[in-house]
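In the two complexes that follow, subunit A is the common piece, with subunit B as its partner first and subunit C second.
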Partner chain A sequence: MKGEGFLTKNISNFTHTLESVILTEDLCHAPGLLQSLDSRVKVVTFVLFIVTVGLARSLAILGTIFVLILIFSFLSKVSLRFFLKRVLLFIPIFTAVIALPALFITPGEPLIAVAGKLIITEQGARTAVLLFLRVVDSLSFGMLLILTTPWTSILVALRWFRIPSLLVDILGMTYRYIFLLLHTANSMFLARRSRTIGTLSSGENRRWLAIALATTMAKSQHLSEEVYLAMLSRGYQGEVRVLNDLRLKRRDFLWVAFALLAAFILLWGNSL
Partner chain B sequence: MTMDAGHIFEAKNLSYDYPGGIAALRRTNFTIGTGELVALVGANGSGKSTLLKLLDGLLFPTEGKLLAFGQPLSEKALKDGAFVTEFRRRVGLVFQDPDVQLFSPTVWDEVTFGPLQLGITKDEVVSRGLKVLELLNIVHLRERPPYLLSGGEKKKVSLASVLSVSPQVLLLDEPTTGLDPWSQGNLIDFLLQWADKGKNLVFSTQDLDLVEEIASRVLVLGAEHNIVADGKPEDFLFDPDFLLRTNLIHEHSHRHKELVHRHPHLHEHHHQQ
Partner chain C sequence: MHIPDGYLSPATCGSMYAVAVPFWYLAVNRVRKVLTNRTVPVLALFAAFSFVLMMFNVPLPGGTTGHAVGGTLLAIVLGPWAAVLGVSVVLGIQALFFGDGGLLTFGANCFNMAIVLPLVGYFIYKVIASNSEATSPRRLLAAVAGSYLAIVAASFAAGLELGIQPTLFHAADGTPLYAPYGLNVALPAMLIGHLLIAGPVEAVVTGGVFAYLQRSHSSLIKADAPRKKEGKLWLLWGALGLLAFATPLGLLASGTAWGEWGVDELKNMGLGFIPQGLEKLAGWWPAPLPDYGFPRMGAVIGYILSAVVGIALVAFLLWMLGRWLSRKSLAKQESSAKEASIE
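Let's look at the complex of A and B:
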C-alpha cells in the first residue's frame, strides 16, 4: 500500500539512525588518542578548534583543519568511512540553511546561470564553499567529540564548567529518555498499522497523528512525574550531587599546548 | 529529630484519592513492626502501588494519618532537611518500572545517586557502590547506560540503586514482574538473605508463590481499596474461596477430551504433585 507505512517508516528510521549515531559506546572506550584525554580538556580544546574554524577566512586553512580532523580520527581508532558517514548525515541540514543561499545572493562576477535568471557569482561560489567547509569542520569536531567521549563524561565536564546543574540534568535525562519515547511512538505506529486494512484518507491520517502526538506527550508527562518521585525517593532535594573524581594527566596538558599552538598557527595563516 | 523504632509504619484510617476523586485507598488501618516481611496482595487497581508510594513519603494521605518510626509522615515533615534525610536513609522503594527508576546516565551513576544525595562521604559512596554491584553480580554493567540493559539487568540495577542506600525498610513494587523464572529464583534467594539481616520488607505482588516463599505476613487489598484480610500467608493461600473472592485466582475451564470442567488454578495443586 503506497504511503501506508510512511510515518511508521520515518519514525522507525529516525529512531534507528539516532541510535546508531549516538550509541557508539564501544568507540568511546577504544584505546585511541582522544579517548585517553580528560573530557574537560576535550570540551575546551574542541570549542577552541570550532572557534578557530569560525574565524578562518581561507579555504586552505579550513582544508588543513579537515586534514587534522582526519588525523585525529585515525589516531582515535575511528574508521574514516564510519566517521564521514556520520558527518555527512548532518551536513545537508546545515548547508541547505547556510551555504545554499550564499551561492545566489552574494554580489560579484557572474560564473554560471541556473534556470535562466538565477546567477551564481564567483564570490558567491567561494563564500558557499567557505561556509560549507566551516560546517564540515565544525560538525566533524562535534562528531569526533561525541564518538570518542561517553555522554556521561561530557555531562561531568559541563558540570565542572559550572553550567547550571538543572540544565545539565535536563540534558542527561533528555538523552536517557529520548529513546524510550521514540520506541513508544514506534510501537504505537506499529500497533496502528497492524489494525489498518486498506488506505486511510489523509484527513484520517492527520487526525491519528494528532492523537498519537497527544498520547506520547501524556505518556512523557506521566513518565516525568514518576521519574521525579523516583528521584525524591532516593534523597533528591533540589540539586543533584555527583561524584567528581576527575584528574588531569600529563598528556592532557600536552594536548592543551598542542591545541593552543595549532589554533595560533592556523589563525596566523589568515594574515598571509 | 528522633525516630522511634517500635513500629516502622502505623496507618490510621488512611485514605488516598487521585485527582478527580478517584479512590485509591479507603480507611486503611495497619501497623508494621520491626523485622516483618509483608506482602501486599490484591487485584489490579486495588491500591498496592499507591500504598507503597504513601509508605515512601512520595504521596500524602487525603484523609487519615500515617506514621513512620513514630513520626507523622506528612508533606510538612518531609520539608525538614534532617527528617527527610534520615527517613530516606531508612526507607527505599524499588519502582515497578525500571525505566522510571533508572534515570542516571550510567549504572555506576545510578548506584551512587542515592548515597550521594543523602550526604554520605564520597569514599563510603564508592565502597557501597562497589559492594552492591558485587552483591548482585553486575560489576560488568558498571559503565553501561540503562537503555542498553536487558529487562532482567534493569531490575537488578534498580534494586542495587536502592540497596546502596542500605535502607532498613525495603519497599518493592511487583519485584518479579517481567523476570524470567531463573532471575525470579535469584531475586527470591537474594531477598531472603537480605531479610535474614533483620531488615524489613514490604512488597506488592500478584505472585502467590512469591508470597509463600518470602512473606511472614500478608495484607490483602480488596476491590473497595481497603484491607480485607491481614494475617500469615498460610491463613489465606490455601483458601480457594477467599482467593476467588478477592480476585487473586481465577476459576478457569479445562478440556479433558469431551469433558469440560472448571476449577480454580491454585498453587496448592502443584505441591500435591
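Let's look at the complex of A and C:
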C-alpha cells in the first residue's frame, strides 16, 4: 500500500469505529423490550443464552435460537437490516475461511461432488454450518446486549456482581479515553494526509507510523498524570463511588423465568 | 488471534477462565502496590492507547497490511503485570463492543494475548537487555526479539486450544462440535501465520516505537538496576509452566517413541524373536499409570491428567533433591568455616 492510500485507510478505520459506537448509544434509549429490563438481569440471562448456544449440539436448536434472536431484536426496535448487517459485518472473515475447508476434508458420506474430484461430505457440511451458526448466535447475543444497554448500566451491573471495583473503574475510564485517543490519532493522520503529495514508500510510512504511535503513547502518559491530579483534586481516594438505584420489577422476574425455561427446553432438545 | 464464541467448547472456556483468574489476581495486587492510587488513570489511559494501537494499519512490504497487539511494548513501559491488566481490559471492550473475540472465550483470549504474550515478551526482553543502557541498541534488539517471540508464543497457545477441540468434543458420529481441525492442522496454521505475518508486524511496530522512545522519551523506558535473583527464578518457573502447557502436543504423535516399544509392539514390528531377557523383565514393574493414562477415563483426559501428575511428581522429587543438596553444601560450608576459625 502506497502513500495516501495507507493514510486514508487508517482515517476511515478510525471514523468508522467512532461512528458505529455513537449509533450504538442511540439505540440504548429506544422504548423496547430489552431496553426496559434491569441491566443485571440482562447480563445474567444473556450469559445463560450464550452458554446454551455453546452447549447446543444440533443445527435445529441453533436455528431456533437464531429465530429467537430475531424476535428479540424486533421487539427491541432494532431494525432487522441494521442488525443483520452488523452481525454479518462482525463475523470475522476467518470463520468463513475456516469453515470452508471443513466441507471437504471431514471424512464421511459424500453429499455433493464439486468439479468431479472435490467431494463435500455430509459430516463436513454439518461441521461447517454448525460452526457458522454457533458463531452467529453467540455474536448476536453479545451485540443485542450492547445495543440495548447503556455502558454505564453494564458497569453498575458488573460492580454488583462483585467484580473488583478497580477493574470496573479501569474499564469505564478506558472506554472514555479510547475516543479521545482515537480522535487524536485521527487528527494526526488527517494532518499528515493533507500535507502529502504523491506517494511515499512503505518504509517511510512505517517510520512515520512508529513516530505517531510513540507520540500518542507519550501523550497518554502525560494525560494520565493530569487526569490523576484532576481526580485527586476532586477528592479521589482510590475508589469510585456510584449511585446505585437498581430495583427489580415484575417484568425482570418474568424475563428470568422465560430465559430459564427457554434454555431448559433448548438443551433438552440435545437428547432428542 | 481473537477467538470468537463457538470455536471452543464451554468446558474449555471455563478452564481457561480458571487459568486466567489467578494471573489477574496477582496482577491486581502487584500493580496496586506499585501505582497505588494512580492505578486507575494510568492503566485506563494506557489501555486506551493499546486499543488505538491495535487499530493502526501497518503497511508491510509486499502491499499487505496488518495490525499489532502491542502487549510487549506495554509490558516494557508499564511492567508486565500492568500490561496483563491493560490488555485484558482492551480485549473486554473489543469483545463487548466490536464482537472481536467472544464473551465465553474471553478467558482463553486473555490467557493468550494478555497473559502469555506480555509475560513471555517481557521475560525475553529482560534476558536480552540485561543491564544495558536505556538507549543502547541491545535494548532495541531485546524489544524486537521479545515482541516477535511473544506473539508466536501466544499463537501457539491459541493453536493448542483450538486444536484439542475435535479430539475432546465431538458428536456420537464423530462430527466435530466446535473448531473442526485437530492439532496437526490448527497448530501449524496458527504458527505459520504468526511467524510470517503477525510476528513481523508486531516486531516492526514495537521496534519502531521503541527506537523513537529511546531518542525522545527515554524516561519511559525503565532501565532499572538488576533485579533480585528471586524475580528471575519466578520467570523461569513461568517458562517451565508454559512448556507443561504444551503437553497436549504428545497427543499429536502416533505410535510409541523410538526405542520405547513394548514387547507386543516389537513382535508386530517384524522382529522375528523377542530377546528372552526382555520378555522376562517386561512385566516386573506394574506401572500405576500404564501408557500415561488413568484406567476407565477418556484417553485424552487421562493423558493430560497423567501429565499433571508426572510433572508434580518430578517437581517434588527435584525439590527434595535440591533441599538435600543445599543442606549438604550448607553443612560443608559451616564445617569448613569452623575449621577456618579454629585454625
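Following the convention adopted for this analysis, the second predicted complex is superposed on the first by the 230 of 272 C-alpha atoms of A that agree within 3 Å, B and C clash if a C-alpha of one lies under 4 Å from a C-alpha of the other, contacts with A are read in each partner's own complex, and residues count from 1 in each chain.
Methods note: a residue touches a chain if its C-beta (ideal position, glycine included) is under 8 Å from a C-beta of that chain, and two chains touch if they have at least 3 such contacts.
As the structure is a computational prediction, the values presented were derived from the model and not from experiment.
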item: Touched partner set for A:Val242, first subunit B, second subunit C, both or neither; value: first
item: Partner chain(s) touched by A:Met143 [first = subunit B, second = subunit C, both, neither]; value: second
item: Touching partner for A:Leu223 - first (subunit B), second (subunit C), both, neither; value: both
item: Subunit B versus subunit C as contact partner of A:Met231, first or second or both or neither; value: both
item: Partner chain(s) touched by A:Arg57 [first = subunit B, second = subunit C, both, neither]; value: second
item: Partner chain(s) touched by A:Leu130 [first = subunit B, second = subunit C, both, neither]; value: second
item: Between subunit B and subunit C, more extensive residue contact with subunit A; value: C
item: Touched partner set for A:Leu155, first subunit B, second subunit C, both or neither; value: first
item: Contacts on subunit A seen with subunit B and repeated with subunit C across the two complexes; value: 172-173, 175-177, 180, 223, 227, 231-232, 236-237, 240
item: Partner subunit B, residues of subunit A touching it in the complex; value: 23, 25, 29, 150-152, 155, 172-173, 175-177, 179-180, 223, 226-227, 229-237, 240-243, 245
item: Residues of subunit C that touch subunit A when the two form their complex; value: 2, 4-7, 9-10, 13, 24, 28, 32, 36-49, 51-53, 55-61, 63-65, 73, 77, 85, 89-90, 92-93, 95-100, 102-104, 171, 173-181, 204-205, 207-209, 211-213, 216-217, 220
item: Touch list for subunit B against partner subunit A, complex; value: 53, 56, 58, 81, 84-85, 88-89, 92-93, 95, 97, 99-106, 109, 112-114, 116-118, 122, 125-126, 143-148, 161-162, 165
item: Touching residues on subunit A, where the partner in the complex is subunit C; value: 1, 6, 9-10, 13-14, 17, 20-21, 24, 47, 50-51, 53-55, 57, 87, 90-92, 95, 98-99, 102, 106-108, 123, 126-128, 130-131, 134-135, 137-139, 142-143, 145-146, 154, 164, 166-167, 169-178, 180-182, 185, 202-203, 205-207, 209-214, 216-218, 220-221, 223-224, 227-228, 231-232, 236-238, 240
